[in-house]
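I've put the structures underneath this note.
Shared between the two complexes below is chain A, which pairs with chain B and chain C, respectively.
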Partner chain A sequence: MTLLSLQDLSVVLDTPEGPATVLDRVSFDLAAGESLGIVGESGCGKSMTALAVMGLLPDAARCTGRIDFEGRDLLALDEQALCALRGRCIAMVFQEPMTALNPVKSIGYQVAEGLRWHLGLGRGEAAARAVKLLDRVGLPQPRFSPDLYPHQLSGGQRQRVVIAMALACDPALLIADEPTTALDVTSQAEILALIAEVTAASGMALMLITHDLAVVWQNTAAMLVMYAGAVAERGTTAEVFARMAHPYTRGLLAASPGALGDILPAGRRLATIPGQVPDPQDRPTGCVFAARCARAAADCLPRPPAERVLAPGHAVACLHPHEEETVL
Partner chain B sequence: MLSEARAVSLREFWLRGRGQANLMIGLAVTLLLIAVAVLSLVWTPYPINAIDIPAKLQPPSAAHWLGTDQFGRDVLSRIMAGARNSIAVSLVAVGIGAGLGVPLGALAAARRGWVEEVVMRFNDFTFAFPALLSAVMITSLFGPGAINAIIAIGIFNIPVFARLTRGAALSLWQRDFVLAARVAGRGRTRITLDHILPNIASLLIVQMTIQFALAILAEAGLSYLGLGTQPPDPSWGKMLNEAQTLMFLAPQLAIFPGLAIMATVLGLNLLGDGLRDLLDPRLRRLR
Partner chain C sequence: MSAQAPGGEMVLRVENLVLEYPLPRQSLFAPAPRHRALDGVSLQVARGESLAVVGESGSGKSSLARAVLALEQPGAGRVELMGQDVFALSPGALRGLRRHAQMVFQDPYGSLDPRRKVGWIVAEPLDALESGVGAAARQARIAEVLVSVGLKARDAEKFPHEFSGGQRQRIAIARALITHPALIIADEPVSALDVSVQAQVLNLFMDLRERLGLSYLFISHDLAVVRHVADRVAVMRHGQIVEEGAVEQVFREPQHPYTRKLLAAVPRVGHPRQAVAGATTAP
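Let's turn to the complex of A and B:
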């Protein structure tokens, strides 16, 4: 069953310099209990997509298209209905655990807050549940008392608190926006494993936003590659990694420092993608990647390429996708 | 369970605060001021307004610890009663300022848009008149007197708190934990009460103690100009004013009220500093 469905979602920001298109007709479906990775470089619209689903876009943003969650169009809901939904049905984990917690409230209070608000639990009951949640995310008693304050915890421990807050009301969808970017390497693997484990255990759908292909490779069943606010390539993670049809996807992979299974060997020279992301106020009429693409031809310029299905569960928005299987 | 935790943390505050010299000195001075003011309600060495011309302008002695003024009134008694006046003025004036300014500032930060514009332009309008000038204006409109002086000082305090609250709240609204609270489904009012105000509470408390001190100074200034407390009621500023012409004849008349003002302002500032250190969990020393 489809839990979350985006149809032609476009977001235009009104800036003093004119309208800036940050999302351009983004569509995808996410079924209940499934996982989807969204990959792309900074400014490609990954976080904007998450904020749009949350209904927390800046005031200057204009949305068109549809966002259906459990059959309801989120863009048509008023603020009050969204407040009831946020945290209850859709929860979010942030990039920076150092700032995602209120410094003057104890961690127990912050985990219990959602329980009291959404589920109407009393203080005592919410506090008891908060202790259980902290235990669930690997912060056991009595070492991690709910009376601790965020500054008394390490980055990885704080991210666990943020995850506990997100899990509190047992949401149907968890959005993780670069949950490990600010953590050191040893905590990264632990936090990703924790997110994978808790979503699987409670049948939660996961939308994992990252710039790191390796994170997607290891953690999600399906993936979406975004570039300059548009979807470049999509499909099951296995299929996309096997084909790497869009030149941008290949460029992203060649620029990844780490080794990636048998797809990407270690110890190679890192590649860069020449050029820059187009200015969102001045987007090219054709393919947004054409200016940086080695395979671009004259037919890329008049209009954006439509998505083509290459194989079942694999589509690419490119007129000249890579055909060969070898990646590098 | 939570109220238990609160009781524990109050004791903790005391245990931690005991070691802070500035907090303890500030607290002692402030409590002394309150004690003196309360005492003056029931007892002063001499009646406050009892004129005794033969005993005028006496230097400090065993009978009059701080001497007497040009009407032979006991200076110690009048300073004690003046403390009452100062506390009342500063409490009410800061209460008006914070009571209206903090909600206005928080509203401006939470709502943005035209609400913010209206609030901030009102602030600019109030700020455009120097405090003393607007006090002069109000007292000349409604007549001089302690009440009008208090209202004037209170109105001047509103934009101070509104600006401080808005500025601090705006930067907090940009923080991830506020976004996290919004993602968790909290409305703007709940976020303001649960996340914004507790985070700026220490800032506000410090500002309040500073404004207490400034209000005492402002009342002294207004009374000095003859626009505040009216004779024969005692006020520190009024006493300074009357002492001015007698500076060389009886300097103690200026020195003692001056010292009272200075000690009070210093004590309140020390208290504010100490409270800031105590209330900020990031500055708390780990046991």
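Let's turn to the complex of A and C:
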């Protein structure tokens, strides 16, 4: 059953320099209990997609298309209806746990807040549930009292509190926006394992946003590669990694220092993608990646390439995709 | 172990460095407890060599960087920069020595003054540490370092907000290069950057080292990042170096269990996620 469905979602921001298209006809489906990874560089529209689903886009944003969640079009809902949905049906884990948490409220209070607001639980009952939730995310009593404040915890522990808050009302969809970027590698591994475990245990759908391809490989069944506000490549994680048809996907992998098996020989350099993501105000008319692409040809320039299906469950928006399989 | 001559082959020598921070007093009558950030650290960086220090947050990596630049007063131990004991020098002499060791910070948004032009930012170490540089020579030095990090000489007239994260980190590197240092201390220089930009900045570090014969003390929590830029790796934990060796050796045959844990935590394509070890680490 499809839980979340985006159909041709475009988001245009009105800026002093003119309208900026930050999302360009993004479509995807996410079934209940499934996991989807979204990768790309900063400015590719990953976080905008998450904010659009949460109904948290800036006021200056104009949306077209549809976001269907459990059969309702989220773009048509008013703020009150969205408030009832956020935290209750769709929960989000943000990148920076210190800014996501309130520094002057205890962690127990913050975890219980959603329970009291959405489920109408009494103070005592909510507090008892909060203790259980903290225990669930690896912050057991008595060492981690609900009376602690965020500043008394490490970064990884704070992110566990944020996850406990997200889990509180047993939502159908969990959106994790770069949940481990601010953390150490060891905390990153623990937090990703925790997210995978809690979503699997309660049948929650997961939308995991990251810039690290290896994180997607390890954690989600399906993936989207986004570039400059549009979907460049999509498919099951296994298919996409076996083929890596879009030159951008290959470029991202080649540039990841961790993805390479061996140390570079002396004098060799890491592969880079030349240039940077074009500003939303002046995107080219043709393929947005053409200016940075080694495979670009004359036919890439007149209009953006339409998405085409390479194999069942694998599609790419590129006129000259890589045909050969990757060696991973 | 190696040459003792002042200004010899060792750019940096750290011996048994101990650094403690006082913690809040628990009782009125007991002495305040102390946190030992560095617990007998010894390491050396030869001229042209690149040493990476890796470890988790709280392992003492950044305290080490601060102590090496004499920004913290250690409880015991020695730090020799270019053969001179930094804690025995007069403030004036220390200032002269600082020319030889410059720092690149993690956050290129926080480390550049938003109200100053790039030319002023880049020249600040020159203005502070070298006297008697004429206006024309100063302009030439600014242009030279900006070009050497892949920016344009006319970028000196712009403000930091006009640059992307990767370009800002290039500005920070240019600022570190302007005094022609022998040693650059880089504290997590790429962890705030995107993957593709990370690769560009890491390549720049490698280029500069080949061209200028720089030494690096490269501090990071990410083993995957340091393996490409370092010759040797020192793994730090709770203020101590638990393992040190050549990069290939530490990556192929990690000896200490902590090093193995760090290596296993790096997500890699083609490898399943590692099981969670303990629920949480120290508070």
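One rule holds for everything that comes next: the second predicted complex is superposed on the first by the 314 of 328 C-alpha atoms of A that agree within 3 Å, B and C clash if a C-alpha of one lies under 4 Å from a C-alpha of the other, contacts with A are read in each partner's own complex, and residues count from 1 in each chain.
Assume a residue touches a chain if its C-beta (ideal position, glycine included) is under 8 Å from a C-beta of that chain, and two chains touch if they have at least 3 such contacts.
Everything quoted here is computed from the prediction, not taken from an experiment.
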item	value
Chain C versus chain B on the shared chain A, clash or fit after superposition	fit
Partner chain(s) touched by A:121 [first = chain B, second = chain C, both, neither]	neither
Inter-centroid angle chain B-chain A-chain C after superposition on A [Cα, multiple of 10°]	70
Partner chain in contact with A:172 - chain B first, chain C second, else both or neither	neither
Which superposed partner A:196 touches (first chain B, second chain C, both, neither)	second
Which of chain B and chain C A:3 touches, first, second, both or neither	neither
Partner chain in contact with A:255 - chain B first, chain C second, else both or neither	second
Greater chain A contact set [chain C / chain B]	C
Contacts of A:91 with chain B and chain C, given as first, second, both or neither	first
First, second, both or neither for A:133, with chain B first and chain C second	neither
Distance in angstrom between the closest Cα atoms of chain C and chain B, superposition on A	5
Common interface residues of chain A - those touching chain B in one complex and chain C in the other	152
Interface residues, chain B side, partner chain A - complex	1-2, 5, 112-113, 175-177, 179-187, 190, 194-195, 198-199, 201, 281-282, 286
Residue ranges of chain C in contact with chain A within the complex	56-58, 164-166, 194-200, 202-203, 206-207, 210, 221-225, 227-228, 247-248, 251, 261-262, 264-277, 279-281, 283
Complex contacts: residues of chain A adjacent to chain B	54, 56, 59, 79-80, 82-88, 90-92, 94-96, 99-105, 109, 113-114, 117-118, 123-124, 127, 147, 149, 151-152, 162, 165
Touching residues on chain A, where the partner in the complex is chain C	41-42, 138-140, 143-144, 152-157, 160, 184-190, 192-194, 196, 211-215, 217-219, 241, 251-253, 255-259, 263-264, 267, 269-273, 276, 328
